[in-house]
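Got a structure here, written out as structure tokens. Questions coming.
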Amino acid sequence: MALTAGMRLPARALLRAWAWLPGAALGRTEPAAGGGVGARRFGNQRVLVEPDPAAGIAVMKLRNPPVNSLSLELLTELVISLEKLENDKTFRGAILTSDCPGVFSAGLDLTEMCGRNPAHYAEYWKAVQELWLRLYTSNLVLISAISGASPAGGCLMALCCDYRVLADNPKCVIGLNETLLGIVAPFWFKDTLVNTIGHRASERALQLGLLFPPAEALQVGLVDKVVPEDKVQSTALSVMAQWMAIPDHARQLTKSMMRKPTADYLVKHRDSDIKNFVSFISRDSIQKSLQMYLEKLKQKKG
Amino acid sequence: MALTAGMRLPARALLRAWAWLPGAALGRTEPAAGGGVGARRFGNQRVLVEPDPAAGIAVMKLRNPPVNSLSLELLTELVISLEKLENDKTFRGAILTSDCPGVFSAGLDLTEMCGRNPAHYAEYWKAVQELWLRLYTSNLVLISAISGASPAGGCLMALCCDYRVLADNPKCVIGLNETLLGIVAPFWFKDTLVNTIGHRASERALQLGLLFPPAEALQVGLVDKVVPEDKVQSTALSVMAQWMAIPDHARQLTKSMMRKPTADYLVKHRDSDIKNFVSFISRDSIQKSLQMYLEKLKQKKG
Amino acid sequence: MALTAGMRLPARALLRAWAWLPGAALGRTEPAAGGGVGARRFGNQRVLVEPDPAAGIAVMKLRNPPVNSLSLELLTELVISLEKLENDKTFRGAILTSDCPGVFSAGLDLTEMCGRNPAHYAEYWKAVQELWLRLYTSNLVLISAISGASPAGGCLMALCCDYRVLADNPKCVIGLNETLLGIVAPFWFKDTLVNTIGHRASERALQLGLLFPPAEALQVGLVDKVVPEDKVQSTALSVMAQWMAIPDHARQLTKSMMRKPTADYLVKHRDSDIKNFVSFISRDSIQKSLQMYLEKLKQKKG
């Protein structure tokens, strides 16, 4: 099962699906404004890493304006940043957050899925899988500090963390809203959601493509804590301190015991999942839908 | 695992199990009062279908008085009505409700399981399986509007829907109360319940044969909304409108992703499940228990 | 997966892990003060069984002071007591409780895992497995009446029951806190927890080694009822009466349908689980950690 198009896909529904976005769902292929790689900060252009070696943690800020679309570049840089932190014994935890106001991440980048060739689609999908595998099974304690909208792939990244702090702002909606775009969340998005909020809540949320406002996200278990917007970072840090108090090795093995079966299932079906995605996304009907949607977004921006 | 008799089965416990029923748990083999098959209504004798082609939905009313016992005839007609709606592109959703006051459905019809031959038991059980498979994996949006008691098979039908609206009336109890009758819910009843309310709540509810009153049913997640009795239909319709807003194909694939593994498991074990049921229900001890129970019900009615 | 040591295991963390214990986590190898085996009471030295044949139930009191550590002797006697009750048709249910003030059970006995030989470790682990298998799949209705702390293996025993009543006392914390000791709960501890409180809550509770105070234990679903300390026994008895009203055979088959897959998984992997445990616990680093921890406890006591 992969992303699959709706047959009766109205353009209006597509637009409504991302109507909450402050900017647009268009990724930018040009580099983002410079994240300094200095003595105390490292990272790359789209992921700014602020290390706190004394505390053993780092803050990873997504910086792919306007809406942190998960472009191939962002995916790659995020995986590399994670890898660096995992391999550096200094770091035991990381906070995942956004440098773009109003949005955590808009999720997958539609421009990576439209008007390209099958090889590109396959490369892109493999990168999406890779990010999920890395985040979901990370040895680090991962906490997401969410001060903006988190639809689709944005929600997925949050779900991969060990703890989610959400700003108490009605614009900070979160959920896997793929059906609103006429597409279907891949099975591993679904598995991650079921592991977090259970089968029944997932069934309803996925079918309706629900984007939960903060209070509802908390109630259904999609996030663990809702706090005023200016307390999101400090709350994430104090929660991190609680997790840091646990011996690493025992915690990591426990996490692995909980998550490895879910991750292994994708690893086992990785190639067929890529094949499914490429075959789906290459369909004329899907390409036409995406094209139309991207045109509308451009007009809206212009 | 199939329905299996309790060894220390007191007749009093059996009677108590269905004591809440306004009428009795006896099915009627004679045809129910006529459901008109007119220009705007179709269906058959025991399932009245009221279509609203403009809205793309239909209301299916169970009409097998006194308590909508799931007789072989009702099962068959219900499956045929569902099939008709599924095959007619006009319809994208259906509301499942009852035409019998005070009861949604009393569940399986004991007269189909008592004093018949093995071939009949097998035919009956296959029809019960068929209804579950059809309802649970329906391409339609199914919403149950429940204004009466829903024990056992009645609860099962409700659980198969995508959304459940229950009347706020203490008589509107709902649950899989099989153990109260000394029998065991089949594994696919159990799977449907676990998918809805989780493992622990199912364990307790199934062992104790709990029939939940509205507030508790809502709290445990057995239903999605409890409203005053005269708002059940209108609430079901407005919830349906929300589901209708989602592109069909994406929603259907998502539903399938969530439910197909559970359905496939029965499909794979269908024959052995029938065999188990027939072997169980044919036991002398079970037949004697059922006979005794049916006698008591007749006396109560007479 | 078995108990596995933390690499950065601070002795302070270890001590904190059991700091709530009124006595210490040390098991006693000498026999406990005599549990009378009279006309109306039977059992053995460490498990006092008070039968109520008229009601069809028995109360099983753990008596292995100071903290009901699960020594090999206690494990063995508990399994024998359970077996006796299961084989005596007089009994349909049992209440599991503690005779040691302030503690339900401190869980596994560290002295059984420290300074012994591999054969002893294997024997001990097999006994722990055996207790879990017996409790989790017992034909009896098991209700735990918990008036003291229930960490680790103490929590596990409670989770195996059909219903848990907890005293409303902040000292009555309950949870699988293995990570605090730098160790990892075995997969079947994890499975039991997931079956009770779901995947997400388990993931957090297990990683953080959370010990839940009563109100939180109730909210997360770790226990079913919290009552004043002097009402724990009477509440357990009245809940038992509700469970006694259900025909045994149907209830037992239902319980088996819910729990057998989980139990079967350990049965299938029993030998490798023992091997993993022995190999882990025999490591020098683990033995040193445990030794150090036990020394500290002795000093604390002295």
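Just so it is clear, A, B and C label the chains in written order, and each chain counts residues from 1 on its own.
By our rule, a contact is a pair of C-beta atoms (placed from the backbone, for glycine too) under 8 Å apart; a residue touches a chain by one contact, two chains touch by 3 or more.
As the structure is a computational prediction, the values presented were derived from the model and not from experiment.
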| said: Looking only at residue numbers at the subunit B/subunit C interface, is the share used by both copies over half or under half? Answer same or different. | reply: different
| said: Can you work out the rotation angle that lays subunit A over subunit C using Cα coordinates, in steps of 5 degrees? | reply: 120
| said: Need the CA-centroid distance for the pair subunit B / subunit C, whole Å please. | reply: 40
| Sequence positions of subunit C contacting 2 or more other chains | 198
| subunit B-facing residues of subunit A, complex | 1, 4-10, 13, 178-185, 187, 190, 198-200, 202-204, 206-209
| remark: subunit B residues touching subunit A in their complex are 162-163, 194-198, 221, 224, 242-243, 245-251, 253-255, 257-259
